[in-house]
Amino acid sequence: MADIIKGIYPPLTTPFIDDEVSFDKLIENLIRYETKLLSGYVLFGSNGESVFLTREEKLQLVRTTREQTNRTIIVGTGFDSIKETISLTNDAAEAGANYALVISPSFFKSEMKHHTFLNYYNRIADSVMIPIIIYNVPKFTNVNIEVDTIIELSSHPNIIALKDSTENPTRISEIFSNVNASFKLIVGTASILYSGLSCGAVGGILALANIAPDQCIQIYTLMREKNFDKALEMQNKMIPVNRAVTSKFGVAGLKAAMDLMGYFGGNPRQPLEPLSEAQQIELKMILKKASLID
Amino acid sequence: MADIIKGIYPPLTTPFIDDEVSFDKLIENLIRYETKLLSGYVLFGSNGESVFLTREEKLQLVRTTREQTNRTIIVGTGFDSIKETISLTNDAAEAGANYALVISPSFFKSEMKHHTFLNYYNRIADSVMIPIIIYNVPKFTNVNIEVDTIIELSSHPNIIALKDSTENPTRISEIFSNVNASFKLIVGTASILYSGLSCGAVGGILALANIAPDQCIQIYTLMREKNFDKALEMQNKMIPVNRAVTSKFGVAGLKAAMDLMGYFGGNPRQPLEPLSEAQQIELKMILKKASLID
Amino acid sequence: MADIIKGIYPPLTTPFIDDEVSFDKLIENLIRYETKLLSGYVLFGSNGESVFLTREEKLQLVRTTREQTNRTIIVGTGFDSIKETISLTNDAAEAGANYALVISPSFFKSEMKHHTFLNYYNRIADSVMIPIIIYNVPKFTNVNIEVDTIIELSSHPNIIALKDSTENPTRISEIFSNVNASFKLIVGTASILYSGLSCGAVGGILALANIAPDQCIQIYTLMREKNFDKALEMQNKMIPVNRAVTSKFGVAGLKAAMDLMGYFGGNPRQPLEPLSEAQQIELKMILKKASLID
Amino acid sequence: MADIIKGIYPPLTTPFIDDEVSFDKLIENLIRYETKLLSGYVLFGSNGESVFLTREEKLQLVRTTREQTNRTIIVGTGFDSIKETISLTNDAAEAGANYALVISPSFFKSEMKHHTFLNYYNRIADSVMIPIIIYNVPKFTNVNIEVDTIIELSSHPNIIALKDSTENPTRISEIFSNVNASFKLIVGTASILYSGLSCGAVGGILALANIAPDQCIQIYTLMREKNFDKALEMQNKMIPVNRAVTSKFGVAGLKAAMDLMGYFGGNPRQPLEPLSEAQQIELKMILKKASLID
């Protein structure tokens, strides 16, 4: 098993050339990321365009990444179907993954309550070969896993962390003060990296870390050194960039920013569309203002 | 190819015994449905718990159903992934399906706009062997396909209908007055069967038709005979029942009602849970009040 | 007391010149509306920009209107405060109003449940001199009064109607089939005039009736004559216009359309802003396409 | 003018006896609050049940409070109507208020955009005798004032602060890093007191301060002393209590908690209802667990 979860993990984007996965471009990006103090990588999370990938593409992404790194590999394996989630998780584990990031089921929104979530996560945790991380992301799922549900799930020995992608750090501190130290909290967006870490989180899975890994690591390190003022300063500098590559321009914006930063970004997969020229110009100005490019 | 889309289609629930698909129970239900004047069947739609089924289970559902009927088979094949949607649609077509019901992509909600939908549906329509029906169901997807988008998509020769599961019949009449007669409109919930038919719809894919097919067919027939008052009377009688098996109690309620009506309903698949005893009693009273049971 | 509620009522816009109420312009509009077969007028409803008017301005609007007409006057008097609602209702009654249209309380959204609504409407109905009409308009209030609550409130002798501004006619038919004939249902938007009337509604309070009273009255008359096809045809022609003066361009759009139709529209009150030039051009084209202007 | 805004302010609940304002009970509460290190008081904010009070009741609340204290008095004077907001603000100023807390207009939700807010707040700020504080509270208004709008408004010399009642401290830090030091940020709920203060806020207007003023002040003081760990510990202890008196049980819960803590809480005004007995027992247990009562 890999090290304990902590630090900064980019949810890697999936490179496409002519709408097909380019494993070569992934390798190119990984070679560069390996020079950064990242704790590991998330494959086919939301920003990896998981919903557009086939099962075989996902497993090949794990194999390719494992050949390039000894770091922790976290894979996004959650489906509404318990059966499919277990099956993909175990196959990804055999391919080299260390943890599974399991997004909440959400199709039958009005049925997604306390007991349904307990039922779902406990059954999966019982049947998979690697530990799982609960993934709460209401902006995509339109359901929210309540604090009490997380606290109850944290007692399962194979459920070891929560990635929380709300922007509400109170959830972090409330869970933190009610779970065992072995259960870890990870923020899911750079906008609350500073606040989340100050409330008990141990790291972040951050779209922003695809384009500005050093800055994310710096905030993390400053916070561990209790240098709050400097951390906040860096955080504030990154907020407009983070917004540009998440809520404002989405995956297409994140990939365009990667291209501007010298990584391979490329286009998102169909039916998503690349940024318009006007959007690209706006993005460029945001990166400039944050001193990420000249 | 099957007949033109019109009339009443139940979105068949998927029978489970010990959490595994029971094809025998499906056959039992089908034998009874074949005695009703239904136009055909929808397999693995929302109420078929599509999100909990594996690809192989889905294809086996098509094969089993095709062996029992010459009627139209419509299959729910939409995923966010264009590739997966095309692949499942074509395999289901080979297994005997006549039409594919393609739910809107929805994961990246804020990107799901006019051009994304055009892109998505046109590409799929270009590549599948059977005609497709657009499926708009905001209560599950949290995205809505605008009227103008539907009108534009209706010109594709392989996009032949819309199943609209909002409760807003104005959408029906506005689309109806702007598309060719070859593009058909189908209501997606019995609560607006009367209103939708009076606004230009030609039929319904109705959860309610799993338990009360005769009543649904009767409303449809009365409307075609322009007997609006009688149709409304029957419709009003069915509204509380329809609500019970949809928004109020969900799939678990629909299946419990099937059991009460002599069909095999059974439990929904995990992580969904069956009705509590109190809910079952409430459901029974609703069916009694509507004279569906004694 | 005025006649029984039925037919078409425009919720009159409030004319402003230099951001002050112009009673002269109101009179000019009324003189023209009096030549149409309208059943009466709604003063300071949502489209009357009620929230921007002072109490004294409201009462003066009633007095001015009463001097011009013998028709029914309905006034929008609902506040979250029971006390204020009763007080304004009774003063408006003395000034000549026949009915009060009472919007649901909504500030404390999560407390607005069955018992709160019963409590609110019954207390008000007990204390006012004129009958009240419940006003359900989730697009403004973000709360919805459930069907069961309306049915229970309908038994109060001083609560005589519901204006429902959802676009869901099922609510109309479900309430209609569960209340006494003395309780009336009124649709709150022209987009469901046809469907609402076919489900049991007796009339409409329609923004569209400010600019196209004849067309609204025609749909109403055709429906009473059971000429459903012609009614639907006219309805479909009006849908794009109705959308333009409601959801698309709001009160500013309604007022601009009034100006184009020869009524006095003028600007909405601050902080609302008039349409941009581009919006005015788009609006003009929509009215042209519907043959309302040349 | 009063001191600069900073520290802890309870948004005082309004005491009712037999549904009428009890100024005596207000005085009793104030006498006790005066012994605490609070910076001042908010009158008729959301928790003061502003929407249920008449204009005259509001002004009398200011007069009564001013007689009891030399501390800062902030009054909730925002209406959708610019005219009414200016009028109440100036009358409250004459009665002794120091600042006006102006909730965002919200009725015409879809029109509430950047320019509308600029228009609204700048006009009011130009015409009132006391400085204003912008009040952003989407959970009640269903509109959100964007960060860029706040930054632009902060340059008006008579707009001196923002009370932000989202639970997103990123808004705080982003605004903080883009405005002059004279513009102050105040959190609107105790759940983000710790996080908000660590992101640049200078105080809080906190429902919780009605029942646990000492604990709120302690968190504030610990944060100013950079004793982050102790502050977080106290904050975590208060989160369940804060939730009980806000989202969980609303104003009725806050008032019931005041009664348990020895203040006068009493019932909320009609149509709101007091807690049920079961809810009261649950509330008591939450206060006990937080060591607020024995």
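We call the chains A, B, C and D, going by the order they appear; numbering starts again at 1 in every chain.
By definition in this document, a residue touches a chain if its C-beta (ideal position, glycine included) is under 8 Å from a C-beta of that chain, and two chains touch if they have at least 3 such contacts.
Treat the numbers as computed from the prediction; the structure is a model and nothing was measured.
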| item | value |
| --- | --- |
| Any chain that touches chain D and chain A | none |
| Chain B against chain A, contact positions shared by both copies (same if over half, else different) | same |
| Distance from chain B to chain A - Cα centre to Cα centre, in angstrom | 35 |
| Centre-of-Cα separation between chain D and chain B, whole angstrom | 49 |
| Contacts with 2+ other chains: residues of chain C | none |
| Contact set on chain D toward chain A in their complex | 167-170, 173-174, 176-177, 191-192, 194-195, 198-200, 226, 228, 232, 235-236, 239-240 |
| Chain D residues within the chain C interface of the complex | 46, 51-54, 79-84, 105, 107-111, 115-117, 119-120, 123, 139-140, 142, 247, 250-252, 270-273 |
